[in-house]
Amino acid sequence: MSALTVTDLTVDYRQRGGSRFRAVDALSFALEPGQTLALVGESGSGKSTVVRTLSRFVKPSAGEILLRGVDAADGVERGLPRGRRAKRKAYHKTMQLVFQDPFASLNPMHTVAHHLRRPLLLHGGHRRGPKLEAAVLDLLRSVNLTPAEDVARKHPHELSGGQRQRVAIARALATDPKVLLADEPVSMLDVSIRLEILNLLDRLKQDRDLALLYVTHDLATARHFSSQIMVMYRGEVVERGPSDQVILHPAHPYTRMLAAAAPDPTVSRAALAEARAQRAALRDTRAAEHRESVLDQGCRFRSRCPFAMPVCATRPPDLPAVKGSVPGAGAGGAGHAARCWLLDESAAAAPAADSAD
Amino acid sequence: MIPSTGTETRDDSSGLGTDLVLRASNVSVEYAGSRPTRAVREVSLELRRGEVLGIVGESGCGKSTFAYALTRMLRPPARMTAGVVEYYGRDGEVIDLAALSGDRLREFRWNKISMVFQSAMNALNPVTGIGSQMDDIFRTHRPGMDKAARRARAGQLLEMVGIDPRRLRSFPHELSGGMRQRVVIAMALALEPEIVVMDEPTTALDVLVQREILDEVERLRAELGFSVVFITHDLALLLEISDRLAVMYAGQVVEYAPAEQVATEPLHPYTRGLLRSFPDLRGQRREMHGIPGNPPDLREALVGCPFAPRCESVFEPCREITPPLRAPAGGWPVACHLHDPAHDDYSSEGGR
Amino acid sequence: ACGSGSGSGSKSGSGSGPHGLITVTTGSTSPFVANFNPFSPTVQPGANGMIYEPLMFFNTARAGDVQPWLAQSYSWNSDGTAITFKLRSGVTWNDGKPFSAADVAYTFNLDVQEPALNTKGLPIKNAVANADGSVTVSFTKPAYQQLVYIAGKTLILPQHIWSGVSDKKTFADAKPVGTGAWTVGKVNSQVMELTANPHYYMPDMPKAKTIRFLTFTGNSTADQAIESGEIDWGGGFVPDIKKNFLSKNAKYAVEDIPLSVTYLVPNYKQGPTADKAVRQAISQALDREFISQSVYNGYAPPTNPMDLLTPNFNSILDPSLADQKFGKADPAGAKQTLQSAGYALGSNGMFNDKSGKPLEITVKQVTGWSDYTSVLQIAEQELAAAGIKLNVQAEAYASFIQDQNNGDFQLLIDNFGYTSDPYQYYNQLLNGSVAPPIGQVDQFGDYGRFDDPQVDSLLADVSATQDANKQKQDYYRIEHLVLQDVPTIPLFAAQDEIEFNGNHVKDYPTTDNPYAAPPIWLQPDEGWVALHIAPAS
Amino acid sequence: MPATVTTQLVEAPAEAAVRGSGVLRTALRSRRLIAGLCIVGFFVLLGVVGPLFFGNPNLVGTVQHAGPSAAHWFGTTDIGQDVFAQTVVGARATLEIGAAAGLIATVVSVVIGIGGGYAGGWVDEALALLSNVALVIPTLPLVIVVAAFVKNTGLLPTVFVIALTSWAASARVLRGQTLSIRNRDYVLASKALGEPVWRIVLVEIMPNELPIIVSQYLFAMIFAILAQAGLAFLGLQSPDLLTWGNTLYFAQNAQALSSGDWWWFAPPGLCIALLGAGLALINFGLDELLNPRLRVYREPRARRAARADGTETGQ
Amino acid sequence: MRYIGRKLGFYLVAAWIAITLNFFLPRLIPGDPVAVIISKQQQTGTVPLGEADQLRRLLGLGSGSLAGQYGQYLNSLAHLRFGLSITVFPTPVIDLVRQAVFWTLILVGIATLLSFALGIALGTVTGWKRGSRLDAIVPATTLLTAVPYFWLALLLVYLFANTWQIFPAQGGFDPALDVGWNGAFISSAIQHSLLPAITLIVASVGGWLLGMRNMMVATLAEDYVVAAEAKGLTPLRVMAKYAARNAVLPSVSGFAVSIGFVVTGQIVMEQVFNYPGVGNLLFAAVQNQDYPLMQGIFLAISFAVLGANLLVDLLYGFIDPRTKEA
């Protein structure tokens, strides 16, 4: 059984003036215990919204969330009023999250121990006393924060960013969750601390058989620390598959752009200069800013897409429909899929050189 | 006057010494407090005309502080306790930045050195339009320009960084993060300065935007020929765009080398650690580790090599003797006993 | 230091004396507005007596002193149901139209036609102008005792103006047409000026050309102006008046004719003060002289135990009571009074009531009336010396009045008087047959609900006769009853000191020559004084 | 009072509410804080023990209008009361009114500001409306209404009425703060742990606003004392309440200043000013302590002289 | 537009609540105006029996239930009828209020504006020059702010008016002059307003100063201010356009809030200086239980405050462009 199954999740934000903004559009995926699923995409593509919805800070407008087979909505909204908080608690015991900004996710007024004591009291069946304190120290040790006794007494401002993020992770682990949502857990951290934290998450995932959703826009870490990658663009998943497949053989033009943009110290200077020139040429063909283009029926990426063609004005086929080989992108692995007309044999064969508009 | 490390650096600069545009010698900066933070410790660097000098280092190692010292932007509680920052004009004049004050300082600023601040998003006044903020620059520094000319120039600058000139009337919050970043870069280039200091100009942006901005900077530099001091903790990025590279650790420069060489054969264990901290996008999956441990508290007095507690190749002298920044034969300056001929016997086993 | 030269006169550049400007203040805190509608219940300074005039003048400072004003004389019919006024001749309205009996009849008939305008509640049947120029007003019942209101307080209106006014209650009478000695000059929120009517009918009157009224936010600001000599005729409580006012200029004068009495009003029906012994003990324990000296510089002399306002009502004072006076504080006597009435001293030196609870009396006062606060602070100590615990409770004015009217108090401090008629005085203070029971609103005067059938019938006797001698006998008996019952605890003649700046004015009423009551806020005496007062040259 | 309004709008960054061993040391170095604490401490002491030394400070005497002397340190009033006794005893009620009214106003503003800000939705709208309306209601008639209801203008009604009319501006500030804090990650994290609402508000949110609340309390105290004095001045306070404001009122009524009894007029006003200044100083001190941005860094003199045209930016 | 619509709706509701409170508040005060009038008349003579009922009829009081009266009140408000004052009986409330508002606006309004401007200017400079000797102003002004207002006023009157006679002690103008737009009157009005205005400014400038200074200090640490300095802009421009422009925002909304205090809070001031303003009128109305006048004044105050807040709210969109979004 999957730890978490999400089907057709749709989230709308109400905007000023009453109009609605669809931040997440019919998203489906499953998290397996002991596996990491990476969710990548540019800023504003709706990654955090997914996390916020799963953590129940935002109400979805449609879709189903099954947490270990139990409908999340059923667990709360349809429950008896008396049991509401209890069910909510049960949900959060199973699912926890780690925030992006370790400086903001700990209350500056409280000690590290306080932050860890709360979940233990609420979910761990602990009572105040030496046992609780021991559990707190154990948690700290499990995230390599030693000497635990010292750390427990400290206030967040006395810790470095990496240490704080460890505390935040420890707090999330305190409820002994089955699913962990990590929303860009390392983007605010220094490169070397980044690795430490990711390694830690990786180890915990294995030790505790966690299902981990790793949200990031760093393709390299996504590839290295997850088994599956899901690429989001403007609220919808445009590509997903095993991580090596997605990164090494990106199918969707957007994924390709992402992959090409990532700094790569191994590339030679000449190659870099050439890539830069290519990009410049490409860029000149588009108008200065297309980012604010309207959403209509067509492919959402087409205004930026180097391969846009007339057919892109209609909606590309849904994800599961595209399986198997990806033209022009080399081999395709099992479960690797992208949402693009380029991959549809029935659509126009030749990639259009010009953009749609 | 100039301390030994500085001299050595210059000697090493393969005949480009005449092309200097900025030289920092022995700069130290302190944040006052009950226990002062010595954020920058005797750093000496030089910048040549048209060059991209990268400064890399972990968060909190004093990069921004040093950048502020270069531009004379330190304000209390920060204080430059020692050192000299000199600017070398095209006509051969040498200006000691510390000696500037009042109108002369103002004139110097932005005309010669401009800066793109870390968190450039916040470097724009939220309540006035970006056009008016660009206008301020011309009004102050180019009093001869009339209104129309100022407008035209501002529009031109925006266009140069790929933003519709009609956006001049926008307020900062109406622009996306990437756009704001580009506006700030446009502003930094407004007076066509000789030096632009960029303090982590892309850290908060996603890869695509970051790439666009880097391309932009590269193009503009090629066009306008200014020198760049580029600060980041993303070593992978820096290796790509910079000509030379200074690696800072705990307020000190520990390695100072041409970028390509650092990429292939870094000397300092810290640089090596940093390089290993980047997962390779396309390479083989492998077990990776960051540099274990934490950087030292800059409020403490440091004895020995500051990196020693975290260093995988630490050996005896590291704990007692602070290694000076010194170039081994045929190499580039590095502050590590491993590369000190005096400790040759160890370096062979400690190096890779 | 504030010499006589500094004043509004010198500032205006026209000079006060020679040019006939007199600056006054009534102590009113409302802004002035050009509205002299005489039906306004909130007396506008000037309207009453200076612009509009009554038929006769009743001197508040001296009972029985009645002077002709618009009427030369009056006569009652035999049973007091009709009165005929013989009017003065040669009077004109200030718009030049002649004044006539028709105007007087019109004025009295208004009360019948529009009952809402009959604010004095006079039992008028009708009024007719007689052929000889006199006016006869008839009543539905004998109205002897309403004479002051009929002749002294009803202002005569010009028929030719007022008959054209549709809503007389809310008519904004900005340019009043009256018979009075004054016409309206300028009016703004701070200043109101009345100018002498050049065609006034009384010879050589008025003496001044202009009277300028100023308004102040309160005592302090008014006092400041009075002390600096800016005010020529003012009425306000000046603390430490000898030092703050009199000593500042040789020609500053204070006239203080007692016009009312300050009492502690005990609740006659309930609470500790329902017991006469308590009332008596309180009275005995107080040192009125000390209070008068401490709080009022001696300007409020102790009054008499008969509750009688003297010297105004000296004419009805029983000669045998003439030397009844309050003495020094007598705590021992007070204790004895209480003990003999069955009260016991507690161990703390304070009395307990008959049920053994401490004898505590709460006295109510109006917040912000600071002289009363001082009085009560002293009283508190003097009563404590006699073993009586006094609690002072201050209330907002409106609450105070409500409690007073409802009889919801044990003791309160208030003053009463300002009438030229001893009957009105005693009747309202003591008539238990008019006062409603406690809990119902009494807006009359006997707030303590004093109730003695003997007094009531004596008062009825007085009202039924015109025979002054018979009335005197009744008054004498009332005085004895008061002495015996202690219906109120009189303290001292209310302090009604009026300040005159002798550098600017002369011929004002004095204790020796009380031709009218001097307070400028007292109408229509104010109008009478304004006729006689003259700028000092 | 504009003073209360604007200073409270200054947002002390909550994160700066740093605690630890260093704080006390820093606190002791803040001259303003020390001065403020000394002044307020002195008056509190006066208020606590002062009245024990004087029986009835309203005792009238025969020595009237007397200047300061050995027998009467601050002279006497027009009816011979000892001004020194009144000043000392008056400290208690004055402080009580200030402390209590400030406390109630602060509690109300915390409940309404933080409660509304956290609850959001229509509750927030309604509470925001309430505070806006409260800002509009004229104080004076409210004082009279409340006083009339309780039939006495003594201590309690005064406290209530002042509190009732002075919470709104603070509530607005707190609401703004809460709106910004309630979506911070650490609050979301608490929510995600399933913490009950009251705990989130009381334990996670409120402590972060503590610096603001404390500063609001101190200003509310000053405001209350001044307001009581103002009400007394208008004659709206019970005369048997002995506060500095009331003493001042009697002094003014007796024209103490213009008739030369300055010793009666000066002490209460000065005491209020001093106490107010003391509270304000504490506030500054705390501000500096909690908000490092406000701290002034002074260079040692020698160094400053040596670097006349030093490296700090030219201003 | 929706933003403005929402704001307007909010203020309409607030105005309605304020109007309703204005109606009920005076009526909650125990006692009734007739009793007050009678009692005042008793201060100048005995009052005949039955006058109370007559007065009630004359003043048109007490007709119908409270709810009915409330309906009537709303109705007359809708027709802009504010009734007749009881204190100065048949005078329309609107006349009295108009007269008083004029004086209050002149004195209190201008003094408040001046105090605000001065406080902001001083706050800007002390914040800018933090740590310099100028900073000593800050504790000094706070001390002044903590002084009871009337105490300071009385002291100043005693010194400047009574002892040295530099300023007139009280009143809005020289009573010898005619009210009008002529030189003599205006200069007299200005002369009379100086002392109260100075008192007001001295007592209130500290609050603005302190708020502005602290905001200024906080703003100076913002990146955009540092950036502006790095650009080599003149200190004046950095201070005014980059630092003060942002730091002043909270003070501006504070200013709108303080409008209410301007009117009611200055009752004491108008008392001390015998100034013919709204505060005085309100005080007189309250003391005389003059419902119509109280209502009129409350209405004026409520609308002034609501209006000022609305104005600032709407203006805020221009002062701070970010508000339109959030």
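Order as written gives the chain letters A, B, C, D and E; numbering starts at 1 within each chain.
Basically, contacts are C-beta pairs under 8 Å (C-beta built on N, C-alpha and C of every residue); 3 or more make two chains touch, one makes a residue touch a chain.
These numbers come from a predicted model, not from an experiment.
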item	value
Given subunit B and subunit D, the chains that contact each of them	A, E
Which of B-E and A-B has more C-beta pairs touching across its chains	A-B
Most distant chain from subunit A, judged by the mean position of its C-alpha atoms	C
Mean-CA-position distance for subunit D and subunit A (Å)	50
Between subunit A and subunit E, centroid-to-centroid distance (C-alpha), Å	55
Chain centre separation (subunit C, subunit E; CA means) in Å	38
Where subunit C touches two or more other chains at once, by residue number	220, 224, 396, 398-399
Multi-chain contact sites of subunit A, meaning residues that touch two or more partners	none
Two or more partner chains touched - positions in subunit B	73, 75-76, 105-106
Residue numbers on subunit D that touch subunit A, as the complex places them	14-15, 17-20, 184-196, 203-204, 207-208, 210
Of all residues in subunit B, those that touch subunit A in their complex	58-60, 159, 162-164, 176-177, 179, 205-212, 215, 218-219, 233-237, 239-240, 260, 263, 273-275, 277-283, 285, 288-292, 294
List of subunit C residues in touch with subunit D within their complex	219-220, 223-224, 227, 238-240, 243-244, 294-295, 365, 367-370, 373-374, 377-378, 380-381, 391-396, 398-399
Complex contacts: residues of subunit A adjacent to subunit B	42-43, 160-163, 189-196, 199, 217-221, 223-224, 244, 247-248, 257-267, 269, 272, 276, 279-280, 283, 288-289, 291
Residues on subunit D engaged by subunit C in the complex (per definition of touch)	56, 58-60, 64-65, 78-81, 144, 147-148, 151-153, 234-240, 249-250, 252-255, 258-259
